[in-house]
Amino acid sequence: MSSIDEITSPVPYVRGNVEPILHEVVHALDRLLKEQEPTIIDLASLPFAPGELETLESYLGSGELTAELEALGPSQIRETAYPGVWWLDHRNTDGEVVGRYLEITRIPEILMSQDADITAGRARLGENLEGFESGRSNGADA
Amino acid sequence: MSTSEFDLESKRLSIKEPEIRYDTQGDLSDEERVQKAMAHFAKNFGTTAAIYLDSCIHCGMCADACHYYVATGDPKYTPIWKLEPFKQAYKREVSPFAFLYRLFGLKKKVTAEQLQEWQHLLYDSCTVCGRCSLICPMGIDIASLVAMARHGMFKAGLVPHELHAVAERAEVDGSPLGVTPQLFEERLEWMEDEHEVDINIDKEQADVLAVMSSIEIQKYPAAMAATAKILNAMGESWTFRTDGFEATNFGMMSGNVEWQKNTSMRIINAAIKVGAKMVLLPECGHAYMALRWMGANIYGKPLPFKVLHVSEYLADALNSGKLKVRKVDKSVTFHDPCQISRRGGATRAPRDILKHLAVDFRELPGGGDYNWCCGGGGGVVTILRADELRYKVFKLKMEQVEATEAETLLSSCSNCRQNFDDCQEHYDWKYTMESLLDLVADNLEEDEA
Amino acid sequence: MKYTPSLGDILQARGVSRRGFLKYCAATTSLLALPPTMVPRIANALEQARRPSVIWLSFQECTGCTESLTRSSSPTLEGLIFDSISLDYHHTLQAASGEAAEAARHAAMEENMGNYLVLVDGSIPLGNPGFSTIAGISNYDMLMETVKGAAAVVAIGSCASFGGIPGADPNPTGAVSVKDLITDKPVINVPGCPPIPMVITAVLSQYLTFGQLPELDHLGRPVAFYGQTIHDRCYRRPFYEQGLFAETFDDEGARKGWCLFRLGCKGPITYNACATMKWNGGTSFPIEAGHPCLGCSEPGFWDKGGFYNPVSTTDIGSGVALAGAAAAGVAIGAAAAAMSRRRQKKTIQEG
Amino acid sequence: MDLLDFARGPAMQVAIYVFLTGSLWRLFGILLLQRKPDYSELRKTGKLRAALKVIWNRAFTAPEFRMATRYTRIVGYTLHFGLFVTVFLFVPHIVFFKGLIGIDWPGLPNNVIFFVGVITVGVGIAILIRRMTHPVLRLISNFDDYFSWFVTMLPVITGLIMPIRFGIRWETLLAIHILSVALLLIWLPFGKLAHVFLLIASRGTTGAIIERRGART
């Protein structure tokens, strides 16, 4: 281990904030099961020692589902090894993290198609169809 | 404090004599009394007293060491409280912040009423036994401060009458109990006949000057014969002197420094006159404090002779083998006179002697230096109005003695002894105090030879 | 007042999807240090938000605050926010110069009278108007003139907020803060040397989002970012509680990442968001790099003794003064004793 | 200048000067009073040795008095122990002393200090209650006793509040804490708290006089 590693990962404190967060996750899962109430934890608002966030991430691991979202930069939405616990990384176009959340929910809101987008898509599709129709009628006229 | 109660049991129906009664001497106004008290308090406000008076943290532990507080539970008997006016005067007049205390009126002037009230606390209820000095976490020698405070009280004419009268007689007659040189000589001659012992009187030259307490001369004269017997047995060159025989020092106990000095100087001068190498003090507690520890300072330079209490002398003689005693087959307990043991540092001597006598020695609970005072020291035994309190306090002593279940009760202080005798009569108690000196003198081996 | 498109319009015009917008809202919520449950409200508010006009004035400053802001990488969310404000005057960033620049300032003021924001970095010298001028106008005059029609003033950086380094002892230019001069308008202080770029943009986006000024502390700082001390949010705090401290910069404690209190860390008395928001796109912050906090976002941080003096130390003054105090004690004591002895003598004579 | 700067700067400086001046004033005001030589033939000659012996052994109550004084001893020792630990073993305090005198020693974890601090306050309250209710203590107590209690407990209490906060800003609490210490330092030489140095003088005096007589001390 290089001396730099020693500086950035103080061994005695690696678990500092990890355990309390995991407890919070357990309570959130209970709430989800009993009251159908999702929970979002903003990881950016919590103080982490160097290495702590990585510990948390590797502890939670990866589950069956990982989704990539491309909107104002890439986002990764990953279900952890614990179903119902989702890890969300929002990045900007430079790849910098702009938001990092743990969502305890059945499916994160951002994965669902949004009414506004559906409406826009529906409109786009409708326009396309109109295009087909007008194309056909033009063709019939011709 | 002046709760008047009706006394319906005496022949003359009246209110009971108030518990607190102030005595005054001289025709002084209140202001003059305060002025005198302040002057003679002030004389004592040197570095030593100042350190002590400035160090008190008011923890109250001294109360637990005082037989007056323990016996009555009355907080006013807290030792440091007995010094309140003395302390107040110190803070206002001499302490480092005296100027500020006066400027802002933080410490009031001591009043005549205050001093009168404290007469009871400084005389009737303090035997200057120094037990409180041992409990104080700051190491304040409270007993020595009480002695200093008495200096002011005396000059202010605020001494209990009987103590004042006794002290005055000691100054005028040379003895508090009317022992004149002639009377002393007569009684010595009587003992010489009675006990068939050679007693040296007024020799011009002697290595040892023996002195006596008036209490012994009047009440326990055998002590004179015993002293002579032992000194003869030791082959000492010794003498009694009619111009310096009184060992008690009521000037010291009442608080008159001049009288204390006069009394001590009589012995010192007599000892110097005969070229004594040693002054042998009798079985008297405060005599030891007066000459052994205060004598040189009164004299103003080291004394040209040694000062020994008779128990120290006996212990040395027995330890060195110069004196031999028979075995005494008795169980014995020993009451340490405060001024000799706790205050004087001669605690070991009586224990050495008792070892040579091979008695079944039973130490009092807390015996030795932490011993309860008999309650009669510091002049208290002379004060009539203090009798009730003195008897009450003596109960502590009785409990201690009874706990040993010893056959014989010994001490080496005639003042303790007279207090024990008085309390014995009051309580019709089974123990009679005997003299350690007498016991040794009665069991000298040379007798048989 | 000219038509200003809402943020929703702008994003839509750029072809940003609703998902993208939600992501942006989530990031903004996080940036504003608001709970994640606020996202829908933020989304709603942001959709309606309109571009405010912003005039940026730079006085006695080092351009570090501007650097801080612009060094945040190009098309970021902060950048997006800057797209959503109308930066009408900034003499470092704007293309216009000379009279044209001043004309732009005046035009923005007139067009948005009563609604524009004034951002200030740098302190204002009152000692001599010539100490710092722009286009021949003293800083003081320019500030007072520009602020007249402003909705609010934002003091960016410790110089504008508290006087900063120009105001440090002995303050040769007579530098003062914006708040010292502006009493009739809301002033938001965003101190720091420099402030965290995200905090600057967050303050702006909060204004943008809610159209109102954030809750401020007693020093005029937004509570959302300056509500807690560095110490409170510091990942090294547990070491403080355990009594584990680095004592030099290269001892075992330093290598193990122990608390830097003994090395003079001002974290306990410094209110800022460095410990959670961190710097350089969330990479690190001074304490994480092994250096104690200097307390740069606190008033007078330059004059609070050495940076490496622990917070709990005090200045006991000079040895000469201490010796003087001791000598005075001895002298007064001796005088008191002499006085007492004289008084004693007198009392004894009288008695 | 904010409150903390005032507390750490001028307030503390003035307090230290007053403490120094007052302590030496009191000490020299006593030591330069009249002294009388002791001409008695003492059993022990070593003055310093005797003084040191009493300075040490008066920290412990003689077995004869232990039962009677158990309450006072328990609360007394606990208070002094608590004050010692909280004042001298809390790292920020050690740092303070290092700044003052340049010496440095190991400290204890904060939660230990906090725990001891709570006990100290508890014992302090017990001491106050006893002083107000015990007949002896009530009789002999004066303003000095109560005010000294107040200025001693104040820094402990203000110190304990710091981690709890009660919604007050840390630097304000620190300033109040430092000001309370300044008050303590200012009062110390003038009241009974001066026993921190007078006990050496007082026990030492008894050692020099009475211990050397060979009497019990």
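Each chain gets a letter, A, B, C and D, in the order it is written, and its residues are counted from 1.
We take it that a residue touches a chain if its C-beta (ideal position, glycine included) is under 8 Å from a C-beta of that chain, and two chains touch if they have at least 3 such contacts.
In this text the structure is predicted, and so the values were computed from the model without any measurement.
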Greatest separation from subunit A - chain, by CA centre: B
Pair of chains joined by the greatest number of C-beta pairs in contact: B-D
Chain whose averaged C-alpha position falls nearest the assembly-wide average: D
Separation of mean Cα positions, subunit C and subunit B [Å, integer]: 79
Chain centre separation in whole Å, for subunit D relative to subunit A (CA means): 60
Distance from subunit C to subunit A - Cα centre to Cα centre, in angstrom: 33
Subunit C and subunit D: spacing of chain centres that average the CA atoms, whole Å: 42
Junction residues of subunit B, two or more chains touched: 45, 94-97
Sites on subunit C at which at least two other chains make contact: 333, 336-337, 340, 344
Pairwise touch network: line, ring, star, complete, or other: other
Interchain pairs in contact, sorted by label: A-C, B-C, B-D, C-D
Touch list for subunit B against partner subunit C, complex: 35-40, 42-43, 45, 93-99, 155
In the complex, subunit D residues that touch subunit C: 1-2, 4-5, 8-9, 12-13, 16-18, 20-34, 91-93, 95-96, 98-100, 107-112, 170-171, 174, 178
Contact footprint of subunit D on subunit B as seen in their complex: 45-48, 50-52, 54-61, 63-65, 69-70, 73, 75-76, 78, 80-81, 84, 94-97, 133-141, 292-297, 299-303, 306-307, 341-347, 366, 369-370
Subunit A partner contacts - residues on subunit C that touch it in the complex: 16-20, 22-24, 26-27, 29-30, 33, 35-37, 39, 73-77, 80, 233-239, 255-258, 275-277, 281-282, 288, 290
Of subunit C, residues touching subunit D in the complex: 229, 231-232, 240-243, 245, 261-262, 268-269, 299-300, 304, 309-317, 321-322, 325-326, 328-330, 332-334, 336-338, 340-341, 344
